[in-house]
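Naming follows writing order (A, B, C and D), and every chain is counted from residue 1.
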Amino acid sequence: MFRKVMVANRGEIAVRILRALKEVGIPTLTIYSEADRNSLHVRMAEEAYCIGPPPAEESYLQIKKIISLAKDKGVDGIHPGYGFLAENPVFAQACQEAGINFIGPPAYAIEAMGSKTRSREMMQDAGVPVVPGTTKPVRDEAEIFRLASDLGYPIVLKAVAGGGGKGMRVIKRAAEIKSAFRATQSEAQSAFGDSAIYVEKYLENPRHIEVQILGDKFGNLIHLGERECTIQRRHQKVIEESPSVLVDEEMRRQMGETAIRAARAVGYFSAGTVEFLVDKHKNFYFLEMNTRLQVEHPVTEMVTGIDLVKEMLKVAAGHNLTYRQEDIKFRGAAIECRVYAEDPLNNFFPCPGKILSLRTPGGPGVRDDTGVYPGFEIPIYYDPLISKVITWGRDREEAIHRMARALQEYVINGVKTIIPFLQGVMEDKHFLQGDITTEYIDQKLHRGSLVDAGYFKEVAVLAAALDAYRTEISRGTNSFPKINGLKMVDNPWKMTGRRMLLDSRL
Amino acid sequence: MFRKVMVANRGEIAVRILRALKEVGIPTLTIYSEADRNSLHVRMAEEAYCIGPPPAEESYLQIKKIISLAKDKGVDGIHPGYGFLAENPVFAQACQEAGINFIGPPAYAIEAMGSKTRSREMMQDAGVPVVPGTTKPVRDEAEIFRLASDLGYPIVLKAVAGGGGKGMRVIKRAAEIKSAFRATQSEAQSAFGDSAIYVEKYLENPRHIEVQILGDKFGNLIHLGERECTIQRRHQKVIEESPSVLVDEEMRRQMGETAIRAARAVGYFSAGTVEFLVDKHKNFYFLEMNTRLQVEHPVTEMVTGIDLVKEMLKVAAGHNLTYRQEDIKFRGAAIECRVYAEDPLNNFFPCPGKILSLRTPGGPGVRDDTGVYPGFEIPIYYDPLISKVITWGRDREEAIHRMARALQEYVINGVKTIIPFLQGVMEDKHFLQGDITTEYIDQKLHRGSLVDAGYFKEVAVLAAALDAYRTEISRGTNSFPKINGLKMVDNPWKMTGRRMLLDSRL
Amino acid sequence: MAYEVKIDDQIYRVEVEEDAGAYQIKVGDRVYWVDVAQPQPYFYSLIINGHSYEVDISPQNDQRDILVEGKAFHTEVYDETRKPLLSKKKLEFLEGEQKIVSSMPGKVISILAQPGHQVKKGTGVIVIQAMKMENEIKAPKDGEIKEIRVTEGKTIEAGEVLLVIA
Amino acid sequence: MAYEVKIDDQIYRVEVEEDAGAYQIKVGDRVYWVDVAQPQPYFYSLIINGHSYEVDISPQNDQRDILVEGKAFHTEVYDETRKPLLSKKKLEFLEGEQKIVSSMPGKVISILAQPGHQVKKGTGVIVIQAMKMENEIKAPKDGEIKEIRVTEGKTIEAGEVLLVIA
């Protein structure tokens, strides 16, 4: 299929793509920045080349260096993952010009969907419903003020070049327009190199539901059902599921067909995702199309049994899709939790650092998509997403209970992660009932539950002192005290204590 | 369902059962021998009690102690796992008498199937085909000699109380009868406490295919398809798959119905497995029934989506089966590799020891059922099975390629394991073609492939010296030499070398 | 040996005694017999009266981040024989004036409050860009901003004091 | 520094030199520039001319069991400056007479050959019960049984010599 494929990414998604390449027997090559010498993807690839200094602009975004390395090393396909160059039409084009297969959609589809305003226009033309708002960038605060008067508050400012929840601000009152406009522009400029902003009506408490599509170069397009991505934090997804509790078979068919129509309008092939906002009347509106593999693709893989990365490889190599729409059968329910290196007890502040020890969850129905390992030092330069846990169950309830169990097994020691927060969500009755909105994390989740762990606190106190004691002892003797050794004791109450302990052991 | 369930086992199966209990929210309790204080199941259970010294006879097989502990701690259900007390009708009976639910089949079914001769008789009566041979124990060598003349060589001697491949010997010539009879008797005595032996015709190059069944206390019985368990080593299973390449839909239906008939004949409920030998004409013969959860149950779980342990819990608690036969849908293919702590380069000799580091496989379609963790010291007292890897694929080919990939990721450092051997099987063309027999490991697998790793050997040589060098340096300085630090160099050829290295990094 | 363990602004006195291979640990006046195994660094398996706990510890000087069955706790541990007792006064001082420290390297994007301002607990005070995200540093309590020690655009190191609130 | 590395009965001379954060390693007359990372004990990530290898090492004195991308190798490493060269003679001696050692504790179930017997490589010589399994110790080469040092029924320790073959 391919002689050699480069994975032009890092972290968990690079690992996930390397796994697919290994399974189909294609030799692998990856790149890394100077901050990533010890990263897992470097270890897993057959070939790995340092591409520049830590900042992404000087390494993972260096189109010329990457293409030149690829040509030099006999690479004939490049998978961009998500982020970095994944939705950069210039890169897709540069690959094509260098005679290298870009394992993703055509450059023109990326470009068309990359402009939020242009894509809104095209979707309207194709008969795909969009959220009310502008299809042109706004020029100044006054224009926003006028638009807000028409649409009614709240409205949302979004970067034209944005996506993935970055570069957006909700405005609830006219007084907020000025600072929000400035902040969004500056974030848009720094994140996407383009400060253009547009305005949409802000749907309150909407569901965020997206449809996975898959197409080949012969115009065959299918959908693989929906993913519920409503639970967000700072407009970024945290927990995703498939299917959505909201979507029945008929709505799935309608959304699927709409998503295919959207994709067809831009001549799409490869894997892609059409995101919809769904209001309380179950009306759905086109929000954006992600012209790449999504972070949350595994939930779709688990309910359909389809390996999306392998399909992307096949399609890029010019093969037909393996599946027709009628071959797609959904089984059970899957849920994904993103594990960020952030402190849930401190406003989700990022916490890079060294992983002292790591226990990943296993057993039935659990998928571990990690990008880290024990001893790894999480670099400060990139996204704090370090791994994902995905569980499958015969129904949503089993998937959730399994996730709760998996999160209990999952220990990352040395850096703070949002695992305790995710555990809280899995036990929350609103989540169990499927009663969620994009504001769920702020509004509904009882934060206190993160630390309200009853007797565990007493154990933490006791363990802290125990560890201090043993650390002191080991400093003195340079080895841990023997804890299984037998020692004569003469103090009678101590004997009693020991006997009690032995009794409790039977 | 239950107030509290005891897992009366250790290792990976105890961990697997604890996982199911956690998912359904039942409080857990487990037991451990003095050799197992650090075992994973002790860490994972909510309560854990030491039950005696390392030898199983003095701990895991102590029926009275176990029942008394269970009563003492408010346990109302005991899951025995496999091995130890799982197929001990006395234990099942003792549970019942103590008012504790035995999470498994009824004692009389265990007893009936526990005697290989009695079960053969019952199966013949129920119209289930059995392998030609005796239905009564043999008394002496002379009787074996007469039987062999009737049946024709080869024959096989089996322990009446046996199972799981233990306590059996193949006899190819009359001259072998004497020593085989003695050896089998002594092994049967030491393994099962019963030296009785019977004789069967030995089918040459048979397939070993088993059917998973599931029944409730109301007489509902269903089958969950077959597992191919032909690849064995010392009559013990190593690799299992579902479905079998040999079995088509019609044969599956026939074997399934036969298995249900066998189970019904002994009033079976809970999970159980009916094992068949299949000859080259696809005739299948009842071999034995395993009245417990099997080691290889995960492959069935992966193709059917059913959690067998949870079904066992439900059935034991007096619920109806969740599924009817028509609900059972098979998807794709699953394969399991058992990871034994044995040295494949040294005749599969057991290798207990301390696990220095451990990397478990992850990603799509991979299930890791482990009983160990880094820092764990594998005790010498128990089975060397330390974990299982199970992969799922849309077809057998994908499952096998995924297994090859997973085994490549799976590193257990510090003890020798059969992982390199399993890797060899996944790459073997006979295995890929499904061309296997119970003699496959001995006859077909090219052992040389285990070490014929080309350039990797050069890397091993180089790494051995590198590690010796760094160990010496670190002994001198008490810390590893800085390898990312910058240092001025003045030797010109060294500069050239460094430049070459940097060039290769781009 | 005796320790003082601070957790969630509470202080516990804890005595640890080793005895014939087991530990007797007193937390306040509650006595626990603890069966301890430490198969790996930073990890303990504790069995207390038959109950099994997995405990992971990430130590940093006197600070210990602790996971008990995956639940996160932050503790500070002081050895009574080496350090003076954490007096009630000192605690009040800690509660009175607080230095807000950056937990990681980053860049100051904007400063939302000035010295002399009265702020409510949870009010955003400084915005830091770190790991590609803008993060608001919030006031940990109601109080007055005493000092702002950074300026907009400044690159900061982990551990650097950003502001003082009282 | 120079080492001799024994692998599969072959001996390689290996020179290791550290240079400005990288390693130059000569195996015989082949020179490799090796980019080394060791994020965990017992584990190396090596990049050699752009090729990435995961190497796990389990050391025991001069012995090192090595996994390269999961493939298993057994090596012995000797420091040239500390130990005499592994002479060709010594190797021949190793190849000539071999002591078979038990790798784990167990119990001798039966002895299948006697001193003076000529055996083929792969012939079963002693049966050991260990970890609930009966395991046949096989002759590692064609040769004559020189000594049997255990008796049936004997409990053996790991490292105990079972027999000598030449």
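The criterion applied here is as follows: contacts are C-beta pairs under 8 Å (C-beta built on N, C-alpha and C of every residue); 3 or more make two chains touch, one makes a residue touch a chain.
Just so we're clear, the structure is a prediction, and the values are computed from it rather than from any experiment.
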item: Same-interface partner of B-C, chosen from the options A-D, A-C or B-D, over half of the pairs matching; value: A-D
item: Comparison of A-D and A-C by number of C-beta pairs in contact, larger one; value: A-C
item: Distance from chain B to chain A - Cα centre to Cα centre, in angstrom; value: 36
item: Centroid spacing, where centroids are CA-atom means, of chain A and chain D in whole angstrom; value: 46
item: Whole-Å gap separating chain B and chain D, where each centre is the average of the chain's CA atoms; value: 29
item: Residue list for chain C, restricted to those that touch at least two other chains; value: 35, 37, 40, 43, 47, 50, 54
item: Touching two or more other chains - residues of chain A; value: 37, 44, 49, 373-374, 408-409, 484, 504-505
item: List of chain D residues in touch with chain B within their complex; value: 1, 3, 5, 7-8, 12, 14-16, 18-25, 27, 30, 32-38, 40-44, 46, 48-50, 53-59, 64-75, 77, 79, 103-106, 130-138
item: Contacting residues of chain C [partner chain B, same complex]; value: 35, 37, 39-40, 43, 45, 47, 50-52, 54
item: Chain A - residues contacting chain D, complex; value: 37-38, 42-49, 73, 373-377
item: Chain B partner contacts - residues on chain A that touch it in the complex; value: 15-16, 19-20, 22-25, 37, 44, 49-52, 65, 69, 298, 301, 305-307, 329, 331-332, 359-360, 362-370, 373-374, 392, 394, 398, 401-402, 404-405, 408-409, 484, 504-506
item: Partner chain C, residues of chain A touching it in the complex; value: 187, 234, 343-352, 356-357, 380-384, 407-411, 413-414, 416, 419-420, 423, 450-451, 453, 456-472, 480-489, 494, 497-498, 500-501, 504-505
